[in-house]
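What follows is chain A paired twice: with chain B in the first complex and chain C in the second.
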Partner chain A sequence: MATTEKTATVAVKPGEERLVSIEVVYRGIFQKTLAQRICRGVVLASRRRNYTGTAFARYGDSPERNGVPAKQFAVVAPTDLELEAGMAKYEPAVVDVSVAVDDTLVKGIESWAWYGRQPIWKPVRDNGFVLVTSNSTPDELVQQTDKAERPYTLAVVPGGASFAGLWVYKDDHTDYRVLGALARLLPDWLPIEDVKASIRESTKDEARVVSVQFGYDNVRTREVKKGEGTDAHEKLQFEKPGWTKMREGIIVEARKPGERNPFYKKYTARTLRPVVNFDTCIKCTMCWLDCPDECFEVTPSGHYEVVYEACIGCGICAQVCPVKDCIVMVDELKFTDNTDKFVLYDKQPDAYRQWFTEMTGLPAIGSDKPAATGGD
Partner chain B sequence: MAVAATPNATLPQIKGVKDVPYDELFVSGHRTCQGCESALVMRHMIKAAGPRTIVLGSTGCMYVANTTYYTTPWVVPWMHTQLGAAGSAALGTSAGLKVLMRKGKLPNEKINVIAFCGDGGGADMGLGAISATLTHKEYNSLILLYDNESYANTDIQLSSMTPYGAITTFSPTGKAKRLMHTRWKKNVPGMLAAGHPESRYIAAACAGYAVDLMNKIRRALEVGGPTFIHTIDPCPKGWDYHPQYSQELGHLAVETGIWPLYEVFDNKLNLTGPTRQIAEGRKKRKPVVEYLKRQGRFAHFTDEDVDHFQGEVDKMWEKWLIPGVIPFTIAEKDRALLRVDTTPLHEVKKPA
Partner chain C sequence: MATIIEKGQDAVSSQIEVEALVTGCEAIAEAIRLADVDVMAAYPIRPYDGVMQAAAKLIADGKMDVEYIVADGEHSQFEIVKHACAVGARVFVGSSGVGWFYAMEAIAVTGGLRLPVVAICGNRALDDPGAFGTEHNDSLAVRDLGWLMPWAETAQESLDLALMAWRVGEDKRVSLPVAIGLDGAFLTHSQTIVKIPTQDAVNKFLPKYDLGNRLLHPDNPITIAPQVDQDWLMEIRRQNDAAMRRAQDVIREAHADFKRLFGRGGDNPFLDEYMTDDAEYVFFGQGTLALPMKVAIRRLRAQGHKVGLVRLKWFRPFPTADIVKSLLRFKAIGVIDRDYSFGSPNYGGVLYHEVRSALYSQPKRPVVLSFIAGLGGREIDQNMATQIFEKTKQAAEKGSLDQGDTCTWIGVRE
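Showing the complex of A and B:
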């Protein structure tokens, strides 16, 4: 057992004996096991120094839904008493590091109704860290994070989002790279030697230890000053109704016809968004018919436009569309807003075609009227 | 968008996708999974039924995910009822409306009553109540069982509708035992059709065939009395596949013959969609492996398990009295006595 490792010293300076909280923000179900493994890894590594810790999931996220942002936590403290004091919360209000294991989460998260869209840095303490697994650079990611209300450090550990199902885990070492990166960000709390020793002991696999070192060596950081970031995302915040405002018997007003649920929009569940080539669309209605989230609306010309405020990016529309490359799923990080693009197509079809090509990398074929510029 | 709400309007059959009503009565902003087929069933159900409908939902994904935290995606009146109470709620609501109309407290107009339940709430806990409701022929109601083959809401526990061998949190695969769940799925619509001769409409459907599903819902509501529809809903969370394939998996469930589409309308069986084409020999049944290999819950299957699964499905099509509906057959000596031709479908000689 780890109790034999008594030689390790407690690196926390006197007077700073507080607990450290790490949250992992992830895509529900797809990354549930990954988040569990990261949180558990943090606690096990810190136990090597006789720190005490616990890993847990947020109650409000359960039952998790595919793609809907969820959180798990790892809380570590030098003593049991400290931990107990800190654990008297079901969700830490302030964390030292927020780990986003999918880079599209930096656009903000909305986990359930009335939650609003919250910036990724919301619970991160002053000068804390936001650690993202991404193939983009920190500079690119800052373009998509909300304007910072306090300074923090944005760290990026290279790698795409690791998605898996509930039963079959994709063991691509993302968890080990993240643990290595965390060791780099919190050297006093999570020394790299402890992380490596812990992984070596529990997995007996040197390749995993190498992945830890890779995360440690390759994490890129960028200071984000107060006010840096974007203003483009929708401000989605609610005043929760007090009990005096609620009706007897938990009666809720029904939706009006034509209205959508204003208290839960769900678009932060999206990692990819459908982009439609209206030129090749044959108006067959399949995307509209098979969308489980009612996000298509018919236009006067008979096309189906995507209401991006309601789209959760499941990809069914692209799958059922009978025309090749008519609906294309595109990385959510390429977009800054949810505006309806059919308006652009309607007014300036050529500008729309250019935009379509820019976003999808595909030629906007199917325009049977030759473009004014001629060309090929 | 104005929703037409004509009293006593009939619900004509939908001729094709272009004929599907445009109005949404179950709107976006429900907290279901990406690619949730059950949410699509709800949407199609209420599209087909129209605005003059009361919907009752027993506990399950379609209650918890849809109406969490003091919000609702429903445009029509909706009420939650307990797990296993879909049948009772349908009967009670229908009886209540009837009394209010008799006493003149409500105008005497047609109001559809639909109660939905999941496979846990319907096929496990609520079967007794559903059965009771289906015997009360004087009350109009539709019970819709959306079957995602597990208790998906509470993170995938085993239900009596979980298929043979599938992984759930109650039936994980392991070294000592590869298959923890070795019972064959219950045949709910067949059982209810066989056991409730006075119910005028019982059907098996799939949202992958949207027009077929909507027409079944309309027929059930039009025919009156207690009716029942069972849909199979691919569940990306519990079945473990990418959400974009929900439609495709629904199609595969039908095309492999695992989930036959049919209706029992006024005690007459009618096969619908691809199931009819398979029975007529116009379409070949796909091997079940095409369906199984797409899902993480069957990832541990060996060839032997696939063969067993295929064997059971073959038995259903070749040995059952009616494929997917009546699981027994009749002894050779009694065929003439009972005037039943038990020649398996695949052996029936087609007239040239």
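Showing the complex of A and C:
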């Protein structure tokens, strides 16, 4: 495979003085503090050379829901006057960098704040950046991002999806690594020395500065051309009706029994996906009963298949399943589609078993004895 | 002359229009009976509580069948009827003064939900201090929230406006709540002769309440008032605005029908003019203050002064076109407010500012004066009326007002 990975990209005119917007896309609640630290870090570092700025969370994401994609922003500008163009907004229409602090977000995001699923690069300007914290390579991630409508640079800073800042979770310096990576991508606006100096201003912990340098040194980039990426993701977009077309009295159609919400599907909240071993399933109904989102449908054979469009990947089904390795939670990035899988099992059981093993790393036909502990 | 019935005598089965000596509150209770209201929610506060007592008596006497829910406070009271209204019940509710304010959260959303709740606000001064005389600031607090707001002058008009309220509010072109203003004491607690129409006549005037496909029912699965964000609210407000604009024509239609069936209501649904034909200047106001002002007008007319009165019957929708057409005939307008807007432009009353604004785009405008009178239920006596008259006449003759002399407090101790 031809790779266009490069160590750094400077896609901005040196010395250009203008308003710069950065967004951080994150998992609601879990990564809220992390996102806030990154955005504040950008604004505070910009103060080193007398830039001014604002950091804010998207109002419509609040109150945040566990894992539902949310956004925070940092907008910096040379003067207060220029900053005004970035103020009094819920979110910038165009950003220079979109930072995803969980790599499963590259599959697209559906939030509380608007309707439909957005590609991760949607607000990124021409030749802007998508910066992802990931242990995958840029090439692997491109295959999971929506087909690009304009060129951008995909950058990866090493690291997993961090919970740093969430209650008891230990600080793992993800924020500093991301700031270091941003300094590499935007050397004219966020010089590495400014980032380091602003951190030294507030702490004596030199390890944080080391993490900034690590992020700076280890960010990998790959130019993504128009048309690169996948078109396997669902196009979930809606036109909003005008007041003459809306029902009067603040009324919307309720969902009928058995009908799923076509306007809000929730699956972009998922980081792990339940995969079912239909061979070992004992049809006990536990997954169907305990799923908080009623994702399971009963098949004619009495199995329970997951409707992935409705699944947020909470893992409760895997926890309550009494059969060992019957429902397995698998990294969402491994999947390129979102379709229910029972039909495949029904028509081509061997193909399904092969797929199961490929995804879970487990033998397809396992023990049908319930686990002694009732699942672990 | 119609038959006068004694209190407690049966107006229910009467085939002819009867007369009764009743208070404004009791007249409203008769309207509740005649409109065949399904659900009413009650919580006592003077002067509104006269209605809940009168309605309770009608139920106890077996003359009215209505689900009568005593709430734990005004907030619940207005929530109950809001929800009942959504499931297809014709409703009635009411309160006064600070009780009205305690219900404000429910009141504020009812307009947007387009639920035709019919309420009375027995106008009462806002505590503290514990005051219960009439003042219009309680009703007026909802003026921007999508409620239709008629104001009654007499017990008869209270009954008539209540029947109008269900008819207009429930009309599919409107579908908005209605807050009828009733002056505390002078109207709510004073008995006068009131014509009680027959059920047959009311049935001809008032069709059955029908929410159509907005009915909340298991056969019509809908969600009312889901959470929305900035992507939706402007459209919702604009729908509300369109309904309020349509209400003007619906009121005209209902008024014409009412007049045809009952022979009452005057020429104009929005304005009641008194001795204005050759008037050079007029008083302008709403509610019971028209009564002493009409007495003053007869007295002043006898002295040769060309003075009249224009009484506003619907504050919302504000009948701008009718007001412009009427008031441009005069040299000066003395607007009498039984309310006040602290720190407002010109430090005047609410009604005054509305009238002034309605006239602003006219190339030649009469002088508009603001009078603050009768706050907290203070009586407006003939001396006060004379002061209002003299100042208005002076302005008419001069054709202008001195700087800073737009608003005058009448009958306040210095």
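Observations on the structure shown:
In this section, the second predicted complex is superposed on the first by the 341 of 376 C-alpha atoms of A that agree within 3 Å, B and C clash if a C-alpha of one lies under 4 Å from a C-alpha of the other, contacts with A are read in each partner's own complex, and residues count from 1 in each chain.
One rule holds in what follows: a residue touches a chain if its C-beta (ideal position, glycine included) is under 8 Å from a C-beta of that chain, and two chains touch if they have at least 3 such contacts.
Small disclaimer: the values here were computed from a predicted structure and weren't measured.
Between chain B and chain C, B contacts the larger number of chain A residues.
When both complexes are overlaid on chain A, the residue A:Lys256 reaches chain B and chain C alike. In the superposed pair of complexes, A:Phe56 makes contact with neither chain B nor chain C. Using the contact criterion defined above for the overlaid structures, shared-chain residue A:Trp355 touches neither chain B nor chain C, since it reaches no partner.
Legend: residue contacts after superposition of the two complexes on their common chain; A:Cys295 is shown touching chain B, with no touch to chain C. In the superposed model, A:Lys266 lies in contact with chain B only, and not with chain C. In the superposition on chain A, contact of A:Cys284 is made with chain B only, not with chain C.
In the superposition on chain A, A:Tyr90 makes contact with chain C only, while chain B stays out of contact range.
Chain A uses residues 113-114, 241, 246, 250, 252-256 to touch chain B in one structure and chain C in the other. Residues 60, 90, 113-115, 240-243, 246-256 of chain A touch chain C in their complex.
Per the touch definition, chain B reaches chain A in the complex via residues 1-3, 17-18, 20, 22-37, 39-40, 43, 51, 61, 64-65, 67-78, 153-156, 167, 210, 236-238, 240-248, 296-297, 299.
Residues 112-115, 175, 214, 221-226, 228-232, 234-236, 238-239, 242-243 of chain C are the ones that touch chain A when the two sit in their complex. Residues of chain A touching chain B in their complex: 28-29, 62-68, 112-114, 165-168, 241, 246, 250, 252-266, 269, 284-286, 289-295, 298, 307, 310, 312-316, 318-320, 329.
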